[in-house]
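For reference, the structures are reproduced in the following blocks.
Here come two complexes built around chain A, the first alongside chain B, the second alongside chain C.
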Partner chain A sequence: MRAYILRRLAQSVLVVWAVTTIMFFMFRVMPADPTAMLLERGLSEQAREKLLQEWGLTGTLWDQYIAYLANILQGDFGNSFLYRKPVWDVLTPLIINTLWIAVPGLLLGAALGAVLGTAVGWARRGGKLERMGIFLATVIRGVPNFVIGIALLTIFSSTLGWFPEFGMGDPGDRTGFARYFTLEFLHHLALPLIAVIIYFMPENLLLMRSGVVENRTEDYIELVRAKGVPQSRVAWHAARNSMLPLITWLFPALAETIAGIVVIEIVFSWPGVGRELVFAVSRQDYPLAQAAFFLLAVMIVLANLAADLVYGKLDPRVVYK
Partner chain B sequence: MTQANSTNEPVAIKGRSWLSAVGQSLRLVAGDSFALAGLTILFAFIVIAILAPYISPYEPFKAMMTETGRLNRLSPPTSAHLLGTTSFGNDVLSQFLHGFRIALLVGLVAAVAVGFISTVVGVISGYFGGYVDDILMRITDIALSIPTLPFAIVAVALLGPSVENIILVITILFWRNGARIIRSAVLTERERVYVKWARAAGASHFQIIMRHILPNIVRVIFLWVTMSVAFAVLTEASLSFLGLGDPTVVSWGQMLNTAFSSGNLRTAWWWVIPPSVALVMLVSSLYLIGRAYEEQTNPRLRVRK
Partner chain C sequence: MNFTTFEKPGRKSTELAKLNDRLAAKPAAHLQVQNLSVGYSIARGIFQAVDDVSFEVKPGTNLGLVGESGCGKSTVIKAIMGLQPDGTRISGLALLNGENILGLSDRELQAIRWVKVALITQSAMNSLDPVYSIGDQIVEAIRSHENVSNATAWARAEELFALVGMPAARLYEFPHQFSGGMRQRAVIAMALALNAGMLLADEPTTALDPIMQSQIMQRIRGIHEHMRRSMILVTHDIAVVAETCENTVVMYAGKVAEKGPTEDVLERPLHPYTMGLKNAFPRLPVRGEPRQPLISIPGVVPNLFHPPKGCRFAGRCPFATERCHNDPPALVSEGMQAAACHYIDRASEFREAASRPETWRRMGSAA
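So, the complex of A and B:
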């Protein structure tokens, strides 16, 4: 077990290194002027030279790569061109904002999907409920997330006026975590959160449904049925055993949510990491874009690692090698 | 290989015909009414995409003028403009029809490229195993930890937003999952008795892959290509919606981006609804085809009769 964890950790470090290398080539080799990546235009020649030295942009590509790795190892991604402060100062508050819609959205979407998936999986095979359930889930899964966002925004805020159209609300003089516990914040949170739930629910539903269908013909279900417990209790037995793939799916899904939530953040003007990435890219604020990308990639690596470790804990059949 | 030669070949080497494998796949899909509906919609969309330049009433980027010589902005549907006009005075119907072309062009070309790379990597990795498998799978692991949409955003912004670059980026992103899936299908196929027989009868690796492995995993490849079309369409639409689409062509995501950023979402329903509905129809049809296929090929999900 310990050997497995160590091996998986080493593997994760390797993957992070590879992703940083890919990033180096993407940001530094692809733009026509490689120094454009880290240096603002319109600097005086002297300031430019100084920054080039500081950033190790003077030597060969290999020297640059070493300097780049050294900077990243120290967590130094440089300063944002636009905000004129270290990129981490810009990104840290945004991470929390992104997590605010990603984590509850994913969990609620998974829970709702699990309940509905059990219902559809337990329905009569080939019956109306099963067919409609699958059809609707598949169609909703095909709705792009910005279309979900646009629909929610047009119906519930522009037309009905129930929810605000954009942003997170005015924090007023509240600082720190206090600003997240106001009715105003929750009011702003509602629509983007619903958008994430709708986006993730169908995939959960279908996954859960397949699990329940596969489990419902197993012998242990016959046994529970024979004991004479009510139908809903029997379904619960099948549901519990179908949750395993759902739980392993949740971690990578969280990472993908954080990455894919970009579009929802844009539609609802929610100040998160993804939205900042899009802005940074379009304003050519390369240090900021690079750090945001790195952050999202590391989250995926950690989520995959967590999924592998948790799966072994939950499923006694898994043997670590 | 000549005809005479192939008739003298031992039966064990001959394997399965491609035609029957593909035919079986299509029959599986046609047996499911939802998937059949999906196929019909897909076919209709392809026809519209081909005909788009001939049936659209105006040039997609042409500014329409009113009789008094002013820009015909945000006109609701009229007989001259069946789906109204945009805030720049473009005919929505013409833009919408041209959108079919980009969606399907990106979707189909990227999916074929994804299918090809996934198959090559998956088959080599699964069939040969050992070092080759180790190296290819480590590369796949790394590729899998690249965040999809952020990578697409950064790469398209750096390479420049053009249809070719969008297709390239989508291909780079989606071969990785396919390679994994196809590899595991090859792993089970490789251990089958008929493969061992063919080997014993003197078939080369190439013959085994082409005649025994590939025809039997056609269904897995088919499923992945179908899903890839959907992912490609969605990725292109998302990129265009974020303003990173090819500015020289019209796509549905870009239409929605223009409507959104010009603040006309609520009022100009004629501009927003057609591209949204078309995107949902296209992607859902592909998912319906893929799902039916998955259901039919997984024995544990099949309805027991």
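So, the complex of A and C:
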């Protein structure tokens, strides 16, 4: 088990290194010249050289690459071109903002999807609940997530006026974590959070349903029924076994879903890391974009590792070698 | 074999002793199945898997239900347990100690399943939940019906494992860590958990190798003799029935072909199908006598979407006449025995002919 985790961690490091390398070259083959945006016109050649040196953009490609890797190893992604301060100073508050909608959104989406999927899968085949469940889940899954966001905004903000239309609210003079524990913040959080849940839930529901439908006709379910346990308990056995394929899908999907959250952040003007990533790319703020991509890569790699470990906890047949 | 379970342990916890006393006090069940018919409705129509089947299991006796695959044996068992799929049409009665248990809802059946009727499943390979330990699954059965602590239920599970000859430590293992024979024993232990008055064993040895088969059957016979539960043993192995069951019901294509005391049915079969079934099983050669040839019955069970209008066995019967193809025979009693054949009076003549391979071979070439 420990050897397995160590080996998987080593693999993960390798994957992250590959991603950072690709990232390095990708940004350098992009057609736009970052200095054009960075440097004001009419700057002397000397001043330009000095700035380039500061940003680590001098020397051969190889020299730049070595310097880049050395910096990353120290956790230093440089300064944002735009904000003119270290990228982590820019990103850290944004990451926290994103986690506020991502973590509860994905957890609730997965949990609700699993519960509803079990209900739909356990319902009478061809019955009303099954048909409605599949229909709604399929339709919602097919709707692009910005449409979900815009629909929520139109209904609950513009028309009913129940929720604010954008942003996180004014923190006033609160700093640090205190800013998150206000009614105003929760009020702003509600709609984007609901959007993430609606966006993430249908896939979970459909996967869970098909698992339960498959498992409910298995022999072991028949024996559980024969034991005379309550129906909810029989359904639980089917659900418990259906979680295995769901988990395999869920963790990698979590990372992918972060990309979907970018869109929701933009629709709700939520100052999160995803929104900033899009801005950074369009402004050729390479250090910032690199750091954000690096973060995404690490998250995807960790999600896969977590999936393997959780799967082992849920399925006694899994052996780590 | 060590049957300590139902002796009063005394040294163990009092809760366990009380539970064991309570369970040991359960009487063996009396089951009367009357005119049971089971039809599956499928897109193409109704598939009549079981047609007007009646039999009785007296308290403490063992009934063998035999017939080749697809004769509706397992369907009978599922119907008694209420495990038929949605949309199945069931008619008739299954009187358990005088009370009908057919057509009850899942909720109503909770008070009957495992408490009064327990099941030893057909494929122990797949009938255990892969993600729970064996012990958890036995404890689940106990605690769903008996208000006892987790520790007591586990102690009971340990006793059950001892009863089927397995070390208690293996309760903590998962189904995939068990061999086929061990799983089958675990399933038997589970079936005994609440000492139900009626045990339904649905081909308990089919998936096992011959050595394991005989071990498991010995185990089942030992338990049967010791606890005197009523039991239905579904099998296609006539030898098993001969060794284990007081009474036998032979099913063919969803109908009862013949029934009666096992000795009578196997020694003096009245129905040509029973005669053919007997031939199809190997007997140990007796020194000095010619080897008994194995004779199989040519043909297959008829399609039950379009059951033949006469005797269902007529198409494969070497003695069939015009009448057999047109008139369905009723069950005719002869002493304790009964068979659904028009020519019960010619049974001894048929028996003699049926023991000769040519009788069946001619049949096969004609078909």
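Just a few scattered comments:
To be clear about the criterion, the second predicted complex is superposed on the first by the 295 of 321 C-alpha atoms of A that agree within 3 Å, B and C clash if a C-alpha of one lies under 4 Å from a C-alpha of the other, contacts with A are read in each partner's own complex, and residues count from 1 in each chain.
Basically, a contact is a pair of C-beta atoms (placed from the backbone, for glycine too) under 8 Å apart; a residue touches a chain by one contact, two chains touch by 3 or more.
A quick note: this is a predicted structure, and the numbers were derived from the prediction, not measured.
On the superposed chain A, the two partners chain B and chain C both fit, without a clash.
Judged by the touch definition given at the top, the superposed model places A:73 against neither chain B nor chain C. Of the two partner chains placed by superposition, A:3 touches none, neither chain B nor chain C. Angle at chain A between chain B and chain C, computed from CA centres in the superposed arrangement: 80 degrees, to the nearest 10.
A count of residues in chain A touched by chain B and by chain C gives the higher number to B.
Contact with neither chain B nor chain C is seen for A:160 once the two complexes are overlaid on the shared chain. Of the two partner chains placed by superposition, only chain B is touched by A:146; chain C is not.
Once the two complexes are overlaid on the shared chain, A:277 sits against chain B while remaining clear of chain C. In the overlay built on the shared chain, the residue A:125 is in contact with chain B and with chain C. In the superposition on chain A, A:218 makes contact with chain C only, while chain B stays out of contact range. Between chain B and chain C the least C-alpha distance in the superposed model amounts to 6 Å.
Once both structures are placed on chain A, chain A residues 125 are touched by chain B and, in the other complex, by chain C. The part of chain B that touches chain A in the complex is made up of residues 34, 138, 141-142, 144-151, 153-155, 157-159, 230, 234, 237-238, 241-244, 253, 256, 260, 265-266, 272, 276, 279-280, 282-288, 291, 298, 300-301, 303-304.
By the touch rule above, chain C contacts chain A in their complex via residues 81, 83, 86, 106-107, 109-115, 118-119, 121-123, 126-133, 140-141, 144-145, 174, 176, 187, 190. Those residues of chain A whose C-beta lies close enough to touch chain B in the complex are 11, 14-16, 18-19, 22, 26-27, 30-31, 125-126, 131, 134-135, 138-139, 141-147, 150-151, 153-154, 158-159, 206, 210, 213-214, 217, 255-256, 258-260, 262-263, 266-267, 274, 277-278, 281-282, 289, 292-293, 296-297, 299-301, 304.
Taken in their complex, chain A has these residues touching chain C: 124-125, 218-220, 222-231, 233, 237, 240-241, 244, 314-317.
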